[in-house]
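There are two complexes below, and they share chain A, which is joined by chain B in the first and by chain C in the second.
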Partner chain A sequence: MTEPIIEASAHHLVDDDVVIAGGRLPRFLRHWLVARLGWSIVTLLGVSILVFLVLRVVPGNQIDAAFGTEAGTLTPAQHAALAHYYGIDRSLWSQYFSWIGSVLTGNLGLALNTHLSVASMTGSALPVTVELAVLATIFGTVTGVALGLLASSRPNGVRDTVGQSIGLLALSVPGFVLGTAIVTIVAAKFNYFPNGGEYRAPWQNLSENAQQMLFPALVLGIAVAAPVMRTTRSAMIEIASRDFVRTAYGKGLSPARVLLRHELGNASIPIVTMVGIQFGYLLGGAVIVEQIFALPGIGRQVYQAIEDREYAVVQSTVLVIAAAFVLVNLLTDLVYRRIDPRVREQ
Partner chain B sequence: MRRTRIRRLVLVALCLSLLASSALVGSSSARTTATGGTLVIGRTADVNTLDPQKATAFQAVQTLGLIYGTLVQLDSKLNVVPGLATAWKFTDNSQTLTFTLRSRVKFQTGAAFSSADVAASLNRILNPATGAVSRANLSDIQSISTPNARTVVLHLADPDVPILAALADLNTAIMSAADIQSGSFTTHPNGTGPFAFSSWTPNQSFKLVRNKTYWGGKVPLAGVQFRVIPDETSVVSALKANQIQMGLISDPVVARQVKGGGLKVLPQASLSYHTLMLNDRHAPLDKLYVRLAIQCAINRKQVLGSAALGEGQVTGPITSPAYRSDPNARPCPTPNLAKAKRFMKAAGYPNGGITLHTIVETGEYATAVAEAQSVQAQLAPIGINLDLQTLDSGTYVSRWLAADFDAAIALNGGRVDPDTMYTRYFTSTGNLNKVAGYSSPKLDTLFAQGRATSSVPKRKAIYTQISKTLESQGVWVWMFTAFDYYAISSKVQNFIPMANESLQYLRQTTLG
Partner chain C sequence: MSAAAATLVAAPRRSSWFRRLLQSPSGRIGLVLTGLVVLAALAAVAHLWPYDPVAQHPLDALQGPSGKYWLGTDQFGRDVFSRCMEGTKSSLRVALVAVALASSVGTIAGIAAGFFGGVLDAVVMRLADILFAFPAILLALAIVSALGSGWFNTAIAIAIVYVPIFARVARGPVLALRDVDYVRAGRVLGFSSPRLLFRHILPNVAAVVIVQVTLSLSWAILTESSLSFLGLGTQPPEASLGLMVSDSRALAASYWWTLVAPAVAITIAIVGLNLLGDGLRDALDPTRAGD
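Moving on to the complex of A and B:
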């Protein structure tokens, strides 16, 4: 039997939702999933307004970005024609509602310089980022949990010191340093740089895809492993001192069963929280790692679009990323419900 | 007992993690190598438009320059030579320019090329609705006539000799009249150049194939593929791993990493110049002596050394090969701090106390911040403080265009003809004069003379005078021209880099 632990952070979101959804609301709206979805829509709407406004506050516009300093050679008539083409001669209200209206009808917009649809660009970039995020998360979780178990098995002992030192090192070394070091050393010593080739999806060439994903997944995975390791360690140390663990040993259960089923089972709630957060961030695109390893992911798409002031591309892509983040949060909540019986009861 | 179990568990978990990693590696023998006659070129950014008349980014200009042709073109020494026109003649006091077009030229889609395509292309540039950047260089065209399929006549409002060099620029590319009508060029470029468009995967690769009907003869390469590798260090890594055969590099530090393994670097002096632009309409830069003090305090060689590892040349205003300025013909050819201090005193600032808000661009080229810091350190002794504002490219361009700066560390593009290079900056009606911050009746007269003169020696004398005026007035601080680096594998042969960064000699390049 799995014993509960008190981890407010693990289920406070669900509690909040119940409170918010309670009271005068109709019964069906009181269902946690409906409330959750409602708040997700509000969140996405907020994101859409925020990203729209931030882009307009940033100096420069599409004409300056497309022509660079040569924009100064355009006559007023040319400038006006281009402003009309890019749609920046309209009021902010008109621009926002025109864009959000298109998005609601399933049209994410068009990159005006390249004439490519944002949907097709995102369709090819998102799988790259998702694959990278999944691989990095798997690597980071397995490594992080393993190191966390190792460290917690003897608190303040040698293993703990070693485990914590590794965690601290992984947290301290920035991805761009590790990534650049790997690229430079491996290419210089072994003439090996799989990412110099054209990107291959797993269904095109699994072996090449695996080679192209290895180093970036490793770099990002190390960044994921560090917080997971620290979370695992602290959760395991706390749980090891609980009564139910002593009881389990007292009942004569094997150490492995106590560790896996009772200790790790209960520690999994904060670990899942941490992994969920990390995965969500990775879905936003690891811009620097994607730059170094030339992976055509969503991070690079947004970065390039910001450089080019391609408003529709930035806005719609960020909205897609936000939707993915919201979805991951929702899935994390579902996982809580699966692993924490108290949440189910609420 | 418990510890042993835990240790085993941890060991199993770590092994699983490593197994997952090694499964990712798969077979290392699957690494791709260069294919037959396709040259793979790595560069840090992608094409941002397929419209040749609106392309300003180097990547777009380089790529579309292989697809499209122009009436005239440049040879490796930047001399104007025949392109789609085999001959041309200025008549009527340089106010009429007649082109005889090449026969039997076809667009890559198979349609025949004629004078109608030239007229449609030039009219598209002149139409304000297009937003073509080269309109300013062609604004003297009053009308275009096409007496027959092989002849095009440009009727000019004023004598305009430099228009010929302007017509060698990709921004005056000749497009098919039918494509202009249909707008198909925005997704499928179609020109008369040595390579034809094949496919484009944004942020990844741009593929070209040999144009089998190219008027200049058989193109040796079966194709060219541009690959986007955003980091220059990674470009070098891809070159070492033989994933690409040519890498385009701008950072001299990275270029030094290319050595051994049959790789070499072709450095090419660029027409672009690194300068400290001064807004001479902002006090106290409106005082000549303050500007001259800055000229004398700056050690250009030192800036070149610290920012670009000494790889480049100290330059004067004009970098066009035929009209190049003498870098020693300036108030202080070598730095002279005592003289600079005397100028500060004469300007009424014996103790300095001047702060200049200076914009610096990051991200666009590697040396900007180092240049700014070097200049900042050199101006400190005469009491001028550079307040450096490092900005992303979009913000920098926006502030630059609005002339919202006292000084700007800039890398400005050079031109084959000094007229197209500086008329826009330093004539009172130039469309970048607000940014340049300086004009004078003397310069207006000299530039007008340059436009109306066809004799090269006479033009040379005029532009030498212009150069001298710009320097003696301390208008900007022209510092140096740097190198562009073409890192290539030994298989790449017959490639000639060009000062205007064109890759047109890929039309004769072979892969050994």
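Moving on to the complex of A and C:
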């Protein structure tokens, strides 16, 4: 996959003497990676402070959450003892540092109701979301690129108008509307209730897993396809007018070869970036679709924790999602740099 | 609003962008759809609806669309058409407040960061990076859970999510403009920073910000209805499009209009604002003025 892209990019980069060879990372990329990693860590520290502060704004506190209306009947001494137990009698800084200290040693805290560790909850929820995100991204990328190619094959023609209208509609129909519609129709027509069974991993029961994943991946995939389609279309239209495309035709290459190798090869740079952004978004943004289809993913874990007022769970889970998001963005940047020799100087 | 302003002011540049907007199909359709949404919301504010959206008519529960109830009734016999009007109003209210807050704070921060550079720029952009490190809906969800549900808190949550977008959008052109000849000339002539900012830089940033405002309104409506769907946005008994979709889950198989009506209302609002944003982007882009 990488090779034709690099070769195609090189067509209009004759002045650039270095084309990345396969194998080890080039030096400039390693330097960049170190700097970028450092920045990601700083960002994540900022994220942790923000998450911590946002959840400290919460009206009421863990005591009210755990005891409900009975919190009012507690004596001041009991209240103080509980505050000490939950650690909320300490200063903000001390609370923050003890939290971040435990997070760094792998202790993400406990859910008070179930006494499950957030780490183990995340361990079982994250794979569900990752599977969902991967399936949705594959579906969305294939559909989006295909529609984008179709639309750009004749700009402003009928195909383009139809393609763009589909893209706009896919961008505008909210996931929860689509999800609700699918659940309703599927439940009524096929007597199939997605909210029924427990989640099955693909290696446990492939067909059941496929049944559980099909519709949510479809809903999320449509949301991914729309921006990918738009990016593909505009990149293809822009590239089609470049000199190196004309040269390629002039050399007598077949139109299919020019289209796939030279045009799509170069268009893949913005497309990869867009797909990366969308994939990162799915890691936490799938919360609504997970909720509708009752998939026990990471988004649902946050939502459920908010409902149950399990602030420790919300706090650590949001941090995990943000970390995953930052990591995916980092990888996207890396891939982008790997396939686009032009940005290596930056 | 824009049409009136354009004819009243009669400034050649302004009327020409408006003409360009009307010339593009997406601009025209976007303007019409957005106009419809705004009209529905204004009518709801003025209580110009066929029925009170919270009034229950138990004898007429779950009636299909008819001359009496244009879009049918829900399980309590409430008029779906009137509820869609009120839901549109709720969504638009949250979106307008959120985008007004986000665009003013974000634009000022972005312009200041770009214009003054240095430490201020670094701080603003790093803060933006931190806010960008969350999937938008998750950040909004976390903030709403902290602030508590309700329309104003929803608006604040959405505003916080969108501040960094406006900061980035506004900063870009300012960076480019800082070293443009006419700004440098102004500096040499001893113009004050505010004068340079407001007279020479802001007008150039306005176009991108206006486009961003339009597109953000559509995202804000999407986010508001999503949060309401989860029960964290607008609270009942006030009608909200997201809640209507959520309520329709048990009904839609037999009573399709309970789902289709709010779904279409949300989609019209989002499609309209998206198209208007696209149209405005093309119409306001000075490099396309010759087209």
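Points to keep in mind about this one:
Heads up, the rule we're going with is that the second predicted complex is superposed on the first by the 291 of 346 C-alpha atoms of A that agree within 3 Å, B and C clash if a C-alpha of one lies under 4 Å from a C-alpha of the other, contacts with A are read in each partner's own complex, and residues count from 1 in each chain.
Please note the rule applied: contacts are C-beta pairs under 8 Å (C-beta built on N, C-alpha and C of every residue); 3 or more make two chains touch, one makes a residue touch a chain.
Computed from a predicted model, the values in this text were never measured in an experiment.
When the two structures are aligned on the shared chain, A:Gly299 is found in touch with chain C, with no touch to chain B. When the two structures are aligned on the shared chain, A:Leu327 is found in touch with neither chain B nor chain C. Residue contacts after overlaying the shared chain place A:Leu168 against chain C, while chain B stays out of touching range.
In the superposition on chain A, A:Gln291 makes contact with both chain B and chain C. In the superposition on chain A, A:Tyr85 makes contact with chain B only, while chain C stays out of contact range. Of the two partner chains placed by superposition, only chain C is touched by A:Leu44; chain B is not. Shared-chain residue A:Val142: touches chain B; no touch with chain C. Once the two complexes are overlaid on the shared chain, A:Thr184 sits against chain B and chain C alike. Set against each other, chain B and chain C differ in how many residues of chain A they touch, and the higher count belongs to B.
By the document's definition of touching, of the two partners only chain B reaches A:Leu206; chain C does not. Shared contact residues of chain A, touching chain B in one structure and chain C in the other: 58-59, 180, 183-184, 187-188, 291. Against chain B, the residues of chain A that register as touching in their complex are 58-61, 63-75, 77-79, 81-82, 85, 113-116, 121, 124-125, 135, 138-139, 142-143, 145-147, 149-150, 153-154, 180, 183-184, 186-188, 191-199, 205-208, 210-211, 213-214, 217-218, 254-256, 259-260, 291-294, 296, 300-301, 304, 307-309. Listing the residues of chain B that touch chain A in their complex gives 1-3, 5-7, 9-10, 13-14, 16-17, 20-21, 23-28, 30-32, 42, 46, 48-50, 54, 56-57, 128-133, 135-136, 186-187, 201-205, 227-231, 233-234, 236-244, 257, 261, 363, 392-395, 397-401, 412, 424, 431-432, 434-435. The touching residues of chain C, when paired with chain A in their complex, are 126-127, 129-131, 133-138, 141-143, 145-148, 218, 222, 225-226, 229-230, 232, 242, 245-246, 248-249, 252-254, 259, 263, 266-267, 270-271, 274-275. Partner chain C is touched in their complex by these residues of chain A: 39, 42-44, 46-47, 50-51, 54-55, 57-59, 168-169, 171-177, 180-181, 183-185, 187-188, 280-285, 287-288, 291, 299, 302-303, 306, 314, 318, 321-322, 325-326.
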